[in-house]
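Chains: A, B, C and D, in written order; residue numbering restarts at 1 for each.
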């Protein structure tokens, strides 16, 4: 087994486990969501098979495709969102993981086409400002991928709310993208409730910038 | 044991397990809900016994009735909704499974007699448009069954919200009907929240049609 | 061990297990709630000890008091709501179990002093009409008990929302009272959501009466 | 091992377990929250390491710092909120435990800078009146600690909602602070829902005082 094979085998484990985390975090019901990871240094990605329940997934059932979404390894059809994931990997080389869910409160903002305003320090920390909205686009061609990439490029946010559809999140790897999906639903919910009984107090832009910079440089354990 | 007996024994297992899935999916509390399945090729159905807690159910406690709701096998009384299930099976031969719950957000729409508008791609995918409302009807005769069948026949939706009562969902088999019940509560919740802070953006009818068609033909693994 | 002792020992098990069900049903946090049961044929009740976490409870830690709330058996102080439970048992001989929680949505109605209107068949079935509100009363004397009894006597409902406080439910035994507490929070939630996006459709009083009568006579397995 | 070492070892266990209780109580997602405890009689505290997931925590991974936030024991960086905890311990000698979360409904009130009004007996019992709001302050200096201390000193409440940020709670020990965090989110939620369909009925100040006094003197088992 060469190095690429070992890398793919390891990523199958990770991507399978992270897909199974989605229902544990309350982000998906039934089969509605998917996680993928880029094979490091390769024009390949590992993604969930289409329409399978999360509790049926195994590392072996994950599908390997190239970055045009063509299956390279695996007996099952890949997620119906494979073309979208592939588009993002092709156009954002810094992205190593992508998550798509239909998490409840994020979908509520997406149905109205409204960005989630940055009224909590948690939003500034994780998303660096408002969580932006991307255009409505039909599945089946490159329109969703284009909308995601165009929106994320103009924002510090690792999350985009695709109008009338739901959230996509990115990260340096698949786990980071899952973290962003988890934090997104949490802030979507808290800011939703904040608006129900009045108008939240805005955080000044300079403070948002300060929090965003600090979070990226100071928080957590030093990586070595 | 002949083939029909084997078929019934297998369906008892399936219907018991799917009933027990209802509380796991957060769709029911206490005893308030039921799943049934049609015995393939027979004028028979398997349904939950009345007023039993989900954690007490066993395959043996499931009740077999004919399609007039008369008990054929089983020591317990069948669900008090048996007449309704039987009516639907008699009038919709394509239906192989039925679920009834009082899931929270679906009941909130039902209490107002309002259809759930198709403002998320997930609604278009699963329900092919708005989730329709059926008439208010008292339990105990055929009125509920008639209302369900009349409403579903005019819709692509596998779910109907019976006014002041709650949802019924149908499927080609019992598992499909459970899936529809799970997705229904999810969209009932997301669209509810979407309306709380403004007006969701409508999805054009042609896009709803496109999504509905595609979902039925492309999504998931090819069945063989 | 005489018959009364056996009866108390058995009830300690039941009341302990039902108290531990409260957090499982999402009705309480930390120590905020209690279940009691009347010792059949005796002027005695079994109740949760005060301020203990649900996961620390054992049958032995349950407290036996007379119907004036005086401890008869047990090393711990009984629930601070003991006087209220005792008052209800003294004045409502048909009651065999009582539950008090601070469940979230029931408390929301109680804080406004609003009855939960009967706009779902589930409310008609379980509560026979609107769920009534009792007066605000301070803990420490008989005022809460008096308010509960006076309110429940004028209603078919086994649940009362004590203003600015929370729900009390009764039943023929402790399990029935827990069932009422579970169903109460469910209808409190569904009817709350129903009102958030408009006005629910009322159910005619004659239909409420029909549903209430039928539920009490037909639903469930025949008791023998 | 001397007495201080034993005391620290025991507190590492307690603080680790209480941190892990935060996700169980639904108060935090991912790594967003922390519990600390003061080492009895020492100028030391035990706190969660920064940016670690709750399920990865062990007693050994807890960090010991002095009351200026300087690490005394432990290989990991302490929580990024360590300076804030240290400030509170320095200025409130009666405090033995501190909890910080971003629990959803508490954050919703904090985003609007609104105190949670005392409209339920549970609020009077646990918080002795309205739950107060502290000023907006950036992380990284003493501003958050100052805001917490200044706000709590003018209130009976063991909880403060820091504007645009989230709640901090205190207690005589770490478990008491966790209890306050749990009760806070519960009352934040119930009072939120109470306001959504109208205006809650106020509780007279004299009754709030009565409930607050009684709860502190009568509730629970006598400590010996």
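Structural remarks
The rule is simple: contacts are C-beta pairs under 8 Å (C-beta built on N, C-alpha and C of every residue); 3 or more make two chains touch, one makes a residue touch a chain.
Worth saying up front: this structure is predicted, and the values here are computed from it rather than measured.
For the touching copies chain B and chain C, the fraction of interface residue numbers used by both falls below half; the interface is of the different-residue type.
Between chain A and chain B the CA-based rotation angle works out to 90°, given as a multiple of 5. Averaged C-alpha coordinates give centres for chain C and chain D that are 32 Å from one another.
Mean C-alpha positions place chain A and chain C at a centre distance of 45 Å.
For chain B, the set of residues touching two or more other chains reads 196.
The touch graph of the protein chains shown is a ring with every node of degree two. A list of each chain pair in contact follows: A-B, A-D, B-C, C-D. Those residues of chain C whose C-beta lies close enough to touch chain D in the complex are 29-32, 49-52, 76-77, 80, 102, 104-105, 107-114, 136, 138-140, 163-166, 192, 195-196.
Those residues of chain C that touch chain B in the shared complex are 25, 119-122, 179, 182-183, 186, 189-191, 193-194, 196-201, 203, 207, 210-211, 214, 218-222.
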